[in-house]
Each structure stands twice: as C-alpha cells, then as structure tokens.
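Here come two complexes built around subunit A, the first alongside subunit B, the second alongside subunit C.
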Partner chain A sequence: MPRRRPWVRTLGILFIVLWSLVPLYWTLNTSLQTDAQISAKPAHYLPPSPTLSNYHALLSGAGEIPDTIRRSSINIVVECTAATIVTVVLATLAAYAFARMRFRGRNLLFYAVLATMAFPAYTTLIPLYRIMSLFGLVNTYTGIVLVYVSGFLPLATWILHSYMTSLPIAIEEAGQVDGASRMQILWRIVLPLAWPGIVSTAIITFLFAWAQFLFPLVLSSDLSTQPLTVAIAALQGRHTVPFGLLNAAGVLALAVPAVIAVALNRFIVNGLLSGSVK
Partner chain B sequence: MTAFRYSRTVYLAGALVLVGAVATGCGGGKSGSGGSDKTTGVTITVALATEPPPQASIDAFTKSTGITVKWTNTDWDSLQTKIAAAATAKTYFADATDVDWSRVGQLGKLNWFYPMENYLDTKALAAEMPQLTSFSSNGHVVGIPYDASFLVTTVNKKLFTKAGISTMPTTIDEYTADLKQIKSKNVAQYPLNIPFAAAEGLSTYWYQTTAAFGGTILDGSGKPQFATPDSPGYRAAQWMVDAIKQGLVPPGNINVADSQGQQTLMAKGVVASTFADYSGNVGSLYSVPASSTVVDQVAYLSTPGVGGAGPNMSNPDGIGIPRQAKYPAAAAKFIDWFTNAQNQADFAGASGPDKVMPGYFLPSRLAGMTELTEKGKLIGGQQLADLLKNSAKPVFPQGAPSWYPEFSKSVYTSLHAAATGSMSVDDAIKAMAGTANKLSS
Partner chain C sequence: MTVGTHSGRRHDVPPTGTAGPGRAGPRGRRFDLLPYALVTPLALFILALALVPAGVTIVQSFFRVDELDPPTRFNGLANFRDLFADGAIRSSLVNTGLYVVIGVLLSTVLGIVMAVTLQRPFRGRSILIAVLILPWALPGVVEGLVWTGIWDANIGLLNSVLTSTHLISHYQVFLGQHRFLTILAIELVQVWQMTPLSTLLILASLQNIPSELYEAAVLDGCTPWQALRRITLPLARPGIAIAMVQAVIATLNVFDQPYVLNGSADTGASLTMQTYFISFQNLDFGEGYALSLLITVATLILSLGVVKLVYRQVEF
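Presenting the complex of A and B:
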C-alpha cells in the first residue's frame, strides 16, 4: 500500500485555488483603487485607500462608459432571463415527452437532440447568423434569445429528462386512472415533484447564458442589445483603457453568477446529479 | 388518448404560429449581395471603431445628399469578428465599415469589399493620401484611409535633459547610448518602453525597429528578409531583446501591451522613450492632464535610424464598402465626404470644438493636416505633417499578405519568447522566417 502524501494533495488544491482566485482578487483589488493608485509602481497588492468611486461612477455617473455598462447590464438580464424562461418551459415539455410518452422514434429523436451537444457551438455561428439575418432578427432581443434557447435546450432537456425518469411513475398512473389528462398530470403531479430539477436547470441555463460572448458579439450591432460581457470586452479596445472602470464592471458582471452559484449551489449539484443514482 | 392527440395538435399549431410570427412579424431582413445604386433617399449603416462625427456635420451631409447615416460604434476587435461573420454568411452588416491596413491582403483575396476605384478617383487621391498604398491588394484599392496613423518615436525631453542630453539622437546608436545614460544617471531605472506582451503591438514595434535598421520584413513574394544575422530585421530583434536583458526596458513589460505601456509607463514618466509610439499620442494622451503626469514634456522624434532619420511605418485605419452593402453607391458618397480634406481638418479640431469628432486626431489627407497645422491645432503638427508626407511608409509595400494574421502571431509569440529567455533570438527569427516561408510558398 503506497504511503499517503496529504501535503501533495494540499499543495495541489492550494495551487488550483490560487490559480482560480488570484485573477478574481486582482480584479476586485484594482476596482477599489483610483487611477493613480492603479498605475503606481510597484503595484498595490492591497488597495491603499479602498474606494468605491469606480462603482459609483459606473452605477450613477454620467458619460459614455457608465451609460454603456448600465444599458448592457439591462440587456444581459433581459436576454438571460428570457432565454432561461423559454428554455425551461420547452425543456420541461420535451423532457416529459421523452421520459413518459410512447411514440415511434422517441429514442432516436431524444439521442438526436443530445447529439447536437457534441457539435462545437462555433460551427453553428455562421448558419445561425444567416438565419437571424434572413428573419431580420440580428440586433434584436428575440434573435439573441432564440440562439441561446437553441444552444441550451438539449442540455436542459437532458437534465430534466434524467430528473423526470427518476420520479416514481406510479403517482402519474394513479392520476391517469383518476381521469387526468396528460397536461393535467404534467401540471399537477410532475411539475411539483420535478420542481428542484426545474430550478437547477433554470440556474444552469441562466449561468450559461450569462457567460455568452461570441454569439451576442456577432448578433448584436449596438448598445440596444449588447450584453455586459461584450460591452466590458470592448472597453479594452479603447485608446485609453479605463482600468478602474473596466475592473469594476468586471466585478459587477462576476457578482451575479457568483451569488447565484454560491447561494443556489445545492440546486445546481442536484440538477447535475439527477438520474445518476437510481 | 383523444386528449393526448388533441394536445399534440395544439402544441404543433402553437409552434407553427410561433415560427410564423418570427418569420413574418419580425421579418424584413435582407441577405445576399447586389446592392442598390440609389444615392438619395436612402439610409446607410456605417460601422467603425470610433465615435461618429458631430450630429450637425452628419445632418449637413444628409441635407446635401439625401443620404441618412446610421452610425454604429463597435470596438475594433469585435468589428473584425462581425465583418468576417457577415462576409462569410454573405449577409448584410453595414454599407461602409473598417478596413484595417493589416487585413488588406486578406480582404482583397477574399473579395469581401468593393474595389474603391469603382467609385472614387483613387489615382488622384493617392497624391493627397500618402498612406493609400497600404490599402492596395492585387491592383485594387480595398479601402480609403480616414486617419493618418503611423509609428513614431516619442521622447520625454525633461528626462533626457535631466540626464544631461541636450541634443536629441538621430541614429539608433546615439539613441541606445542616450537610453543607457539615462539609466546610468538614475534618471529612469528603465528608460525604454517596449511592449513585449504576446500581442499585435509587439509585431508592429518590431516592424518599425526593422525599418529603423534600414530593412523590410518581406519581399514582394512574401519571403522573409530578416533571416540572416546581418539583416536589419534580425538586428532589430536582437536590439529589442538586448534592451530588456540590459535593463533598459522594465522587466514587467513582458506582459505589457502597446497601449498599456503608453498609458501607464510613458504617460506617467516611468520611461523616457517609446521607440514605436502612435502618431497623435503626444496631443491625445501625453499632453492631457487627466491621463498624463508628463504634460508638455513629451515630443516626437524623427526615427533614429542606422545613418540618420529612418522611415515611419504606417498603420492607418481605412473605410471600405462590403460586398453585401445595400447601398454601395451611397456608401461611396459618404466615404468621399468623410475623407474630404476640410471635414478631416474639422474633425481633428481645426474649426473649433463644435466640429470635433471624438478620438480623431490626424487627417489622412495632406491638405487636412496642413490646415490643422497652420491653425496651430495639432501638437507637433508640422513635424507630423512632414513625417506623413516624407517618411511614412507602408509596412508591406505590396499590401499586407492574406496570411498576415498568422505571420504576425508567429512574430509576437517568438519575440515574446525571446524576451522571456525561453527562446534565443536566433531561434525566434528562425521560427518567424519559417512561418513566412511556409505561408508564402
């Protein structure tokens, strides 16, 4: 039996934690400094006099950059929320159909849906752009939301399918014996039981949507639809990079998914593990 | 089961209604090429990585031509992605958009833009726009430069004087000696800014340094001109790497990009010089109190070359007409107006703040530059005008090759590796030359 080396594991964990958290810390650290402090040599590893001026400027200040960040924050919330709602509704219906209904080609269709997850998302960029352009949906919320939904629906369906197949079918059969229609069974029996799975699917979808960059970059032409992720990246391309504002915007963009991930962690884990243990 | 069948029918109908609503209610888009020749009563979209001219100027254009302009300001990187995506999908994106000098070869080869000679007298323009040559590909002009951007040496005169240097260097040897003197006298611990981060700015810095050493990067057929140790490109790379190894460049510059170095080092007086700086930075960055602690201290310097002043490499921004433009003729009229000498001078501040286009510093037309200089509205204007007229040269006289992005990536990754010490200069040059040979054959 080989000797255990707990310090190797500790060192490994420490390395991974630092690797992940140091950039985030540096973003936070920079966001709490003034421009003069940010460009000081040597760099400040802690904010010498922490200030929220960058956040204040972003959230309530005037000017092009605060306006951009505020508008793009609204856009990302609208797009992610809409995509999450549509995805979850469609995925619930699809997952239920695949899990409980008997029809010809069910398995083939289900695996075909799952197989779309194997395609690199970027290979669909140009065709999707062309389709959206054809329907006049470039630079519209509808276009971006539809693309998100098409991208996230297979995963959401899979998660919910796993969840629904893990539910006892006897209750649904009892409902059917009592004369409930399929929709009544879904609405009154399955949904209450599958609620944790639906919540976790919604959270995962929302987090995925929040992290999107390339698709909204291509599909949005201006600030009317540009989400926060795209707007922040654009700040780097400026003649004079506003480091303080850039990092404050980064922290704001991080905050939402971070809070969701930490606060609702158990739902996420629940959703991802659903169906893994019978 | 009836209920189930009924439900399925309802859902299918609902889905079709949804698709139909999307297709009809939200429809109206247009794809494909074959734009209209209309030049009045139309609305064109102009997508550039810059803020628009003042609304009053655009309104005046609309009034005189009947062309309404919808301006889209997108950052440069995003814009390139959008241009590529739209062109690949053969989809309308804008009527006029950015043509970067480094992408001219690609755009020309892919035929993504209309030849500008179809719409404007480009031969006449060439005499007025020294940087127009940077936009030629296969005998066609892909775009029209709308500003004059070229690489130029900047020096912090105060730091040079403090180190006892009263005469500015004119050769690369004098320049190097002066930097060493600034360091040895502790005026600046690291006097030179070279952005060694693995990014495009490092490539362009090397192009400019190579030009200062009296050489070119590629020949007409794309073969490397920097492979041998006595070649200017090789010596330029060696000079740059030696500079960081000898402590002339801040060690942290390994991860500093071009604009970052200008903003945090040069504008803060940490370094005394940037060999390949951006034209216009003295007026737009170093002399702006909000962004600089070295106001009135920084000046342009004629490129210190091997035996005197060397050339300045051009990297201007251009504007062209994508093949999928809805109104190419109207877009051409806009470009003609946008690059008009008087308008350019106005955008750069020759006629007061009301006509200024934010972020626009240098006209691409000599007449525009002259007017700006004569009115005293451009810091270092006369010098910049002279440089533009006499020494601004294209990096690739035959136009950037279509494989330029891949070559540039090889350049900046190799030079970055040489600066970190993980690769010798010789190996870096071999890698860069190998890439050029492979891509050009």
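Presenting the complex of A and C:
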C-alpha cells in the first residue's frame, strides 16, 4: 500500500477520539458543577470544585424530579431486560428452525420477516398504539415489551440465522448419529457453539431497546411505565429544570449503554456486520 | 439496521436447505411439527404486530379516522389533500429534505474518512473502534441533551469557545432562529449517532480489498491519494451504498433530535414529528396514517435509488 504520511492517520485518530468524546465529556463536566458554575461565561472547561450534589439530589433527594428519574430508571431496566430475553429466546428457536430444518412455508416466512426490516419502524406507530389501546395495554410493561419484541425480532433472527448457518454441521450430525433429539442437539451442541452470536444479538437488542423514545412516548402516558429516555425529554421540555440536574440524569441514562459499548464492542461489531453485510 | 437484504455472498440465499439433523428422524415420514413449533411465536409477532399494522396504515390512510368524531368512513384522497394544503407539513417537508441531504452526505464522507483511518492494523485500533461506536450506542434523546450543552445560547460550549477565541463578540443563538443553521446543528447530532455504523459498514468493505492491489499500485508509482481514488473508493462501493441506505432511513424518519433540541418549532420540525402531532395531539389518525405511508414510500424509493446509483457488485 502506498505509504501515507504518518501524520495523516494520526490526524484521523485524533479526529475520531475528539468527535466521539468531547460532547460526552462536556455533559459529564456540566453534571459535576453547581448551577452558578454552569452559567459562568466563559464556561469552566474543568469543574472548578467537582461536586456530586446533582447526583446526590437525583438518587437520594426528595421531590418530583428525583422521584421521576428513579422510577423511570427502574422502568427502563425492566422493559429492556424483558424485551431482550424474550427477543433472544424466540429468535434463537426460529433461527435454528430456519437454519437446520426443512418445512413448508419456510422461505415465505423467512422473507416476510426480512421484508419487515425494509420498512421504517414508525410506519406501524399509530396502528400499534391503537392495537395496544384496544387490548388495554397502554401504560403497561406488557404493551411496551410486546412492541419492542416485534420490532427487534427480525434483526435478531437474521443475525442468529447468519451465525448458525456458518457453524459446521458435522458436529450436529454426529450428535444425531448418537441418538440425540433435535432439541437436545440445539441445547447441547448448537447453543454452546453459537453463544458469541447470541451475546451479540442480546447486546444489540438491549441497546436498541434502551434507545427507544417515540414508541414509549406514545405507549406510556404516565410514570408507571415511562422509561428514563421519555422522562428526560419531558424534563428538558419544561425549560425550568436546572441544567446540572438534567445533565446528571443524562449521564445516568448514558452510563449503561456506554459501559456495554466499550466493554463488549467486539460482539457489537461482529453482530452488526453479520446482520448487515455478510 | 434494516439493510440486510441488499448485498451479500454467503448468507444471501437464506435457508439453503441443508439436510439438518433430524430431517429423517425416527418417526420417518410423519408430519414434522417441531419446526412449526419453533417458528410460531416469531410468526405471530410478525403477523400481529408488523404485517397487520402495516396493512392498517396503508388501508386507513384512505379513510377518515377521528377518535373524537366517529364513525370511520372511506374518504378517498382527502387525507393526502389535507396534508399538502397544510403549511406546517410543507415546511416540515423542506426541513426533512435538508436533514436527509445533510445527514446522508456528512455521515458518508465522515464514515469514509474514519474507515480509511482504521483500514490498516495499528496498536490501539481495537480501543479506537470502541471509542468510535460509543455515539451509536447511546439514546438519541439523551444525545439531544448532550448537544444542547454545546449549542445552547447561554451556557453552550460552542459560544464559550468562540467568544474566548474572539471569533464572535458575544453569545449567539444557534437553534430556532435561522432555519438552515438550526437544521445543520440538529442534523449534526444525528450524524454523530449514525457515523459509527457507516464507518463499520465501509470498513468491512475495505477489509475485503486484497493488499496485492495496493502493492501493484506502488510499483506503478501511484500516490496515496491516487490509490484512494482509484482503488479504495471504487471497491468500497458496496459498503458505502449500505451505509448511505441506513442514513437515508434514519434521516427521513428523524424524530428524537429535533424534538429534544428544538421542540415543535417550524424551524426544525420533521415529517415524523408532524405524524406524531397530527395523530396524538390532534387525534386525526387518518391524516397521520397518510403521512406515515408517504414517509414509508419515500424511504423505500430513496433507498432503492441509492442502491441503484451507488451499489456495484465487487468481485476479487
């Protein structure tokens, strides 16, 4: 490869680091200041006297805003965890059938599942709301989880199907010769081999669920089910909530996906690429 | 993430009919229930919560559906006529067009720059990839809050830096006054979120380019710039096409970032935001369906257009 001058790549690396991290640093920086410090001009590029008072107020303080943040944090964890578990279990079963079994209607169903991925998710926003409201599932965890699962199942099935078809079939055939049933083969042979694909699928599903906004905005009108994302947007929309408090809430909402993304990025990259290019 | 079907080699022909374990089970030729049991939950979800709702959107966009004033009845193209007669919708149409153009161009160019940076292995590359994907993993709403801290007229980082360096004399309002500036500032936030995936998709294409091509280019006296233009970019076209399609889908349906950064103001409202306002504030579901349908059709047409224009099968 023709040698680029080394500073070109250094410049690229520097750009990626600053581009990704400066905005996040700025939120963290703001969350560690008092409101008087935040409104200084020019701004403090480092917290002059770092304080956790905003976090303290949110996590153990009394009042409507801390209550909202705490309750919506519980909601988002419950909804994302439930949606991830249901999605991964159902997608694993279906992907195994698609990858390893023959049955009538297999191709039709497989293409129908893939076709739903070509439509923007918001195509179904209004009908999903009306279906949920028909069945009394607005403002329930069940309603939100059902909608999330229906939204994430196609991609999860596709990623797991890609992963399972790439596994060598010889081991499964050996299991079959030894008299194992197909469910035993799935449980004892396929799952242990496919676990990196399953982990990728679970992480990507969880991150997508954590990032949802418009669907839960429509499907949960009060604090009983509102996830943290919806609560933060509502607080910001009031224009009266102190910016330090708002940014501390933002850091709480960012921390979970950020830690997952940094710690498990290899799984995310593999999952995304098998789900879209391979 | 909805681009799985556009390219591919290995898995593109999905169920390949591998004679898997159990195909000729002990039960011989009896009807095999197990595969149906395994796919039924998926099939029910897709049917009830994806295909039926999509069908409802298509059909009811030609109906008058008003929760406050039933009954529902057929009214032809009236919903669509009402949409085009509405000034707020037309304004959002222009805004959304700007979001798409700015977002697709910027995320693609930045994605190429970042992918080329990451093309060859170096120490710390995997750490850099972890840093790179960070903005992709975060909720768009909270990213709106994060960037409020940068664009804000009173306490924003940008104002502080620009006044400290004497590029401007006093704090400016970036959001909500000048339309183009507002849209640029909002779309930059979405670009921040989309670019990691664009980069990964393009990078995957770059990794398939055989290094012999570059070695031959060196022998022929190519400069790095020529190698980029004549080898890297043409051979990255599959990845670039998929990256552009995901950007088209995301930008044409943008909601979170303008909603949080600029509220319902005309200067930044997107078409998807109008769908929300029409359906859930005015409770005019018929018109909401019609707008949803138009956005979906536009998304499909634009995505196909990008694929036709940019995608090329690459063989090595």
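Basically, the second predicted complex is superposed on the first by the 251 of 278 C-alpha atoms of A that agree within 3 Å, B and C clash if a C-alpha of one lies under 4 Å from a C-alpha of the other, contacts with A are read in each partner's own complex, and residues count from 1 in each chain.
The rule we apply is simple: contacts are C-beta pairs under 8 Å (C-beta built on N, C-alpha and C of every residue); 3 or more make two chains touch, one makes a residue touch a chain.
None of the values given here were measured: they were computed from a predicted structure.
Look at subunit A after the overlay: subunit B and subunit C clash there. Contact with subunit C, but none with subunit B, is seen for A:257 once the two complexes are overlaid on the shared chain. In the superposed model, A:39 lies in contact with both subunit B and subunit C. Of the two partner chains placed by the overlay, neither subunit B nor subunit C lies in contact with A:270. In the superposition on chain A, contact is made by A:241 with subunit B only, not with subunit C.
In the superposition on chain A, A:137 contacts subunit B only, with no contact to subunit C. In the superposed pair of complexes, A:233 makes contact with subunit B and with subunit C alike.
Which of subunit B and subunit C touches more residues of subunit A is settled by the count: it is C.
In the overlay built on the shared chain, the residue A:210 is in contact with subunit C alone; subunit B does not reach it. Applying the stated contact rule after C-alpha superposition, one finds that A:81 touches neither subunit B nor subunit C. When both complexes are overlaid on chain A, the residue A:51 reaches neither subunit B nor subunit C. After superposing the two complexes on chain A, the stretch of subunit B that clashes with subunit C is 78-86, out of 78-86, 150-158 or 258-266. Applying the stated touch rule to the two superposed structures, the overlap between the subunit B and subunit C interfaces on subunit A comprises residues 39, 41, 93, 101, 125-127, 129-130, 146, 181-183, 214, 217-218, 230, 233, 236-237. Residues 1-5, 7-11, 14-23, 25, 32, 34-36, 38-39, 41-43, 45-46, 48-54, 56-57, 60, 110, 113-114, 116-117, 120, 122, 126, 128-150, 154-157, 160-161, 163-164, 171, 192, 195-197, 200-201, 204-205, 211, 214-215, 217-218, 222-224, 226-227, 238-239, 242, 246, 249, 252-253, 255-256, 259-260, 263, 272, 275-276, 279-280, 285, 288-289, 292-293, 295-296, 299-300, 303 of subunit C are the ones touching subunit A in the complex. Of all the residues in subunit A, the ones that touch subunit B in their complex are 39, 41, 64, 93, 101, 125-127, 129-130, 132-138, 140, 142, 146, 181-183, 214, 217-218, 221-222, 230, 233-241.
Partner subunit A is touched in their complex by these residues of subunit B: 3-4, 7, 11, 22-23, 26-31, 47, 49, 51, 72-78, 81-82, 85-86, 88-93, 259-260, 263-264, 268, 270, 284-285, 291, 359. Considering their complex, residues 1-5, 8-9, 12-13, 15-17, 19-21, 23-24, 26-27, 30, 38-39, 41-43, 90-91, 93-94, 96-103, 106-107, 109-114, 116-131, 146-147, 149-151, 153-155, 157-158, 161-162, 165-166, 169, 172-173, 175-176, 180-183, 185, 207-208, 210-214, 217-218, 229-230, 232-233, 236-237, 243, 246-247, 250, 253-254, 257-258, 260-262, 265-266, 268-269, 272-278 of subunit A touch subunit C.
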